[in-house]
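Two complexes follow with chain A in common, the first pairing it with chain B and the second with chain C.
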Partner chain A sequence: MEQTVLTPQKSPPKISRLTLLRNRLFGSARDSVLSVILLLIIATFGWIAIDWLLIGAVGPWGDRDACAAAAGACWPFLVEKHRLILFGTYPWDEQWRPLVASLLLLGGVGASMVPRWQDARLIWLWVGLSIAFTVLMRGGVPGLDYVQPERWNGLPVLLMLSIFGLVFAFPLGIVLALARHQDQLPAVRAIAVMWIELVRGVPMIMVLFLGLFVLPLMMPDDITLNPLITTMIALVIFHSAYFAESIRGGLQTVPMGQYEAADSQGLNWLQKTRLIILPQAIKVAMPGILNTVLGAYKDTSLVVIIGIHDIMATAKMSFSDPVWQRYGLEAYLFVGAWFLATCWCLSAYSRWLERRTS
Partner chain B sequence: MRVLRSQFFWQAVVVGTLVWLGYVLASNIEANLAKSNIKLSFDFLSGQAGFDISESLLSVSSESSYASVILAGVINTVTLAICCIIGATVIGVLMGILRSSGHYLGERVAAFYIEITRNLPKLLILLALYLAMVTALPVVRESWSLFDVIHISNRAVYFPIIAQGAGLYWLFLMVALWPVALVLLGRVAARAQDKTGKRFPVFWPVTAGALLLIAAPALLGLAPYTLSWPELKGFDFAGGGRISVQFCVLVLALSIYHGGQVAELVRGAIQSVPVGQFEAAKASGLSFGQMTRLVILPQAIRAAVPSMGNQYLNITKNTSIGLAVGYSDLVSVMTTSINQTFRPIELMTVSMCVYLGICLIVSWLVNVYNARVMAVRA
Partner chain C sequence: MKVRFVLPAAFAVLAGLSTQVQAGPVMDQIKTDDSLVCLVNTNSPGFSVPDSQGVYQGFNTDFCRMAAAAILGDANKADIRGIGFSDSMKTIVAEGAHIASRSITRTGTRDANPGMRFVATTFYDGQGFMIPKKLGVASAADLNGATVCAEEGSTTLLNIADWFGDRGIEYRVENIADKSARLQAFFSGKCDVMASDRTALSSDRLLAENPGDYTILPEVISNEPLTILSRPDASLETAIYWAFQVMLNAEAMGITSENVDAIMADLENQPKGIVRLLSAESAAGEMAQQIGLPADWSYQVIKQVGNYAEVYERHLGTETTFGMDRSGTVNALSKDGGLLYPDPIR
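The block that comes next holds the complex of A and B.
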């Protein structure tokens, strides 16, 4: 007769955190070598960073005259110049307007991210937001003084160009993707293919220069375009091609049966596309679309090259002042922190969406 | 029949609208140009450009024609793109391997690097690095010198080069023949391996032979290589070769920026290799290096090629941000020319065609390579 021997249940041995860390870092000879190299690199860079950011630096409310002698960062510079970096040369007393306008846009983006609200209402939200933004920034209505567009600088310009550029480019991208995906209208398809491939084959700066140099030439005599508008048009043209390719990737995953089912239900083309095909395609294409959005948002900073004063330009402005000339890195750090924070939110949202749908 | 007619109708509507729009815009352009007495033509390309390019592999001066200045810009763009592609690939592959190495600290360091580059604009990285370099490096007269051979200042890196002459051409010839010989002998070696199971060494013998041939004229007492040394004269160095600090910063910034994206691709590609392959490699007693080199990477590369090709295209296009630090690439030459001649249409057409051409060539090369690595599988 066989007897089964039950081994008593053992809880895993307790390992202290330190032992665990030691095992992870120095478990084998190869791991140890790599750990030592990495620790040395981290220590060097970490020390340089801490020394510059904290130890050798002058604190934010410190004496600004001490900056000249300090080896590290000069934080009084940011205290003095943060409004210049954020809002540029917008009239000082009116700077609550760009602040409110920027917050409105950010709020709009936040609202558009909520899956429950992603329907036709968004169109009205963005129409309303664009009117509110323009009125706030431009003024010229009772209670708000007129401010020339040349004085719109910094953060609101970055947000305006990136957000409105993307908001207008998205529907255009859908149209281009649909045009390229079908085969009943070969001429329309050829136009879409040409548009997409031409735009994707040249750098963004070329498209921006096209907006700067060629677009004004295309206008009749009596229309002069504001540089902000031409830049926006160029951005819409550029981003639409990238959106189109992301969405087309989604369209390709919608099975043939869905088209046939929609047709057999007697839906017309518009109903079929709007109710059946696009919702599925966009859902699949979402990671790609959000990647495009992230890249487009970061690349909006390139408009500084064609002389639009976004946040990169105002950062440069802030340290062109002879008194503060040596503190450019602090200004770039400030801008970098803004981009890190906002892009991180976007990536986190993208990861959350992916978890939610899978 | 009804369907066909409606198809024709809609296409006619779209094409008709676009043709009409194109006509209106074109006639506006015509009218606007006529006002400033400019007629569309490419004749100006042979005219004297009147501006200089500070850094170029071609010898251009302010007396060169627009065509040759533009060509110098194209060559600068291509040079920069090649250097950035190499840099980004090296950084990206290293970081990608580190990211999926299983090493506790290494994975975190690589993840941190990827996250930072993913969330910062490339222009910001470029401008911040440029500013840091220009302030940290010494002015020309006080440049750091490494053994009096290489001099580093905040304007450029100066180094000795081989002066033009028969020696230089011999050197170029040997350097160009070296990879050709490697490929040809590699094929012979592969055939021999198929037949006999033994492979004779190729890389080191060929390299040694090339080095010997390069040294041969000197050994025969011909003194073929005369060096041109950089010497400080007045406010700048004369003689020798130089690479501007703008070029260095551009290569560094774009390599760092795109390195993060390449690392993500490499990680995805490594993850696409089945776990069984890792286990099998370990069970066969391969070391980590052997496993990575012989088992994992060859399979991972196959998964990565299409997206890597896309990435290389992006790098090529992104070299155009060189304008922001004043590097004379194609876009920079183009804008200077536009400002001088006010011929935006012609100049932008030329530049767009060049970029489209470069993109076509790169994607063709990637396709050729892709076909090759795919063929290995069969």
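The block that comes next holds the complex of A and C.
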């Protein structure tokens, strides 16, 4: 015989936050000792950071000589060098162009994040943005002087490589995932499997080197490829494989009944895929996709190895100036703050998206 | 459409014939474009680094400006491009630029390449060692058992292997690619010795908390003649070589960018050598006609860029953070015991 003991319903006891904290941190003698030690360590490091960042630092509008004497950070360094870090050697008087181009790309990303707008219009948005970005950066049209790609540095290069790389890799990833997730066309499937497994089997650096050195060899003699373009092609190839695997994971969760239901409605393959299968698959695959996006965005800085000057490389340039060469930490903090802010936005978006769909 | 490109070229040829100047095709291209494409390193403190406005500044950069001043009469017509990983020598051979002033060491096998020419050595560098003074070592030969910090994948490591190997000295290498991390390792005592080019060492030393605690050993274990590279073109090579000689001669004669205007105003009363260097009616003018340069090319080089000493002191000398005293080094003029020998302009 089983017996169920019914306990009277009780509302959880109201505990103030302070009590909760005290119970958790100083519940027992051992906990108290550990908490005190940890708090001391945190306080020490916190104090060192505050001392360096604020108390011992030279304010943004101070001068360079004050920095040499100060023990803390040298913020005048960033006031002096922020344009170099953001835009590198792009001609000084024309630097509104990379600024506008970067804002356009960021705006495009913002617009693409709005779920209501995620349809065929995005294709036109990104085609339009790539043309606008190229015209702005490159110039050579009436009113805009030509600027050779060697002078494209810093933020626009980071955004161009990461955003365009991901935007073009995404559709390619869908095609690869669909090709791998079917068995009517074994040859196409084999190609997709080879593509994905080859790319996932080598490090990104190798794909970058392939793009820089091998891709130009495969071009006809009279076409010289700009290193930025070859790098972007390499990044698209690389990211597409990871997207494909995320999306294929989503495809596998779509039950057979959905395919059959679509077939019974008389939809052709394209309609079925576009209207029934992919929306469900992508919804499931979203966390994986955003994970790839975050990783890919941060990995873009690796292009410095093949001589492309993204924001990490321009930060390095900024403290190579002989009179400012002590302030590398400030430069890296600036870049770190940028990556932290943008990555935080992306992960906040992914959390919001998950709450919204669940 | 082709006509648009052919016509200016035809005019250029006609103009060339009428003054009996036979410039090479690269020289012609520079003049047609009214711009001289010069490659520099993107990140080499003291030699070429973008300033806060993103404009390259430094010792090497000034020789780009020298070439533009001599050939086009305006130093600002040098189109200075920072070039990273993709090798500057390859770019020159592939005709992607006119000259490179990028601390390239002139070596036998490089010079054997018919696609490029080493023209004028602007700086003599060499690989050396920096140690903390408290190590108490006076010569690199006493470094037995030392840990050496060096850049990964550079010729530095090969030179160390050669030099220590020949002397049977045992050593251990700490291979660190990033410069900041390498310096951190050295200053914190993780390695005993830092190996690099001596110019780099003298600027790195200043990053220590107490630069006085460190010293650079006297041994120079490699020869690094850093040389301007040009596309093969007889008149371009001649122009760059002699523009550099103008800077050396100007230093030897005490002509600077500051006083050159006063000297020009009073040219008749100057020593013969100065007249030959600056006058359009004398040797300089004769050379201008034969090479195809503006008649006042030597004046423009001195006025816009300065003599060799000015360029050195501006970027590397004792007044700068590098604080490299030039006197007594190989980079002094030959009359001061160095290797820079001004060829006569006459």
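Just so it is clear, the second predicted complex is superposed on the first by the 335 of 358 C-alpha atoms of A that agree within 3 Å, B and C clash if a C-alpha of one lies under 4 Å from a C-alpha of the other, contacts with A are read in each partner's own complex, and residues count from 1 in each chain.
The rule is short, and it goes like this: a contact is a pair of C-beta atoms (placed from the backbone, for glycine too) under 8 Å apart; a residue touches a chain by one contact, two chains touch by 3 or more.
These numbers were taken from a predicted model, which means no experiment stands behind them.
On the superposed chain A, the positions of chain B and chain C overlap enough to count as a clash.
When both complexes are overlaid on chain A, the residue A:Gln271 reaches neither chain B nor chain C.
In the superposition on chain A, the chain among chain B and chain C reaching more residues of chain A is B. Touch criterion not met for A:Thr357: it reaches neither chain B nor chain C. With both structures placed on the common chain, the touch criterion links A:Ile305 to chain B and to chain C. In the superposed model, A:Ser32 makes contact with neither chain B nor chain C. Once the two complexes are overlaid on the shared chain, A:Gln118 sits clear of chain B and of chain C alike. By the touch criterion defined above, A:Gly328 lies against chain B and chain C together after alignment on the C-alpha atoms of chain A.
In the superposition on chain A, contact is made by A:Met219 with chain B only, not with chain C. Contacts of A:Pro203 after superposition: chain B is touched, whereas chain C is not reached.
Contacts of chain A with chain B, set against its contacts with chain C after fitting on chain A, overlap at residues 305, 316, 326, 328. Chain A meets chain B in the complex at residues 21, 24-25, 30-31, 34-35, 38-39, 41-42, 184-188, 191, 198, 201-206, 209-210, 213-214, 217-221, 294, 298-299, 301-302, 304-305, 312, 316, 326, 328-329, 332-333, 335-336, 339-340, 343-344, 347. Partner chain C is touched in their complex by these residues of chain A: 80-81, 83-84, 87-92, 95, 148, 150-151, 153, 212, 227, 305-309, 313, 316-317, 320-323, 325-326, 328.
On the side of chain C, the complex with chain A involves touching residues 42-46, 49-56, 81-86, 180, 203, 206-207, 320-322.
Per the touch definition, chain B reaches chain A in the complex via residues 7, 10-11, 14-15, 18, 25, 28-29, 31-33, 101, 103-106, 109, 115-116, 118-124, 127-128, 131-132, 135, 288, 317-321, 323-324, 331, 334-335, 338, 344-345, 348, 351-352, 355-356, 359-360.
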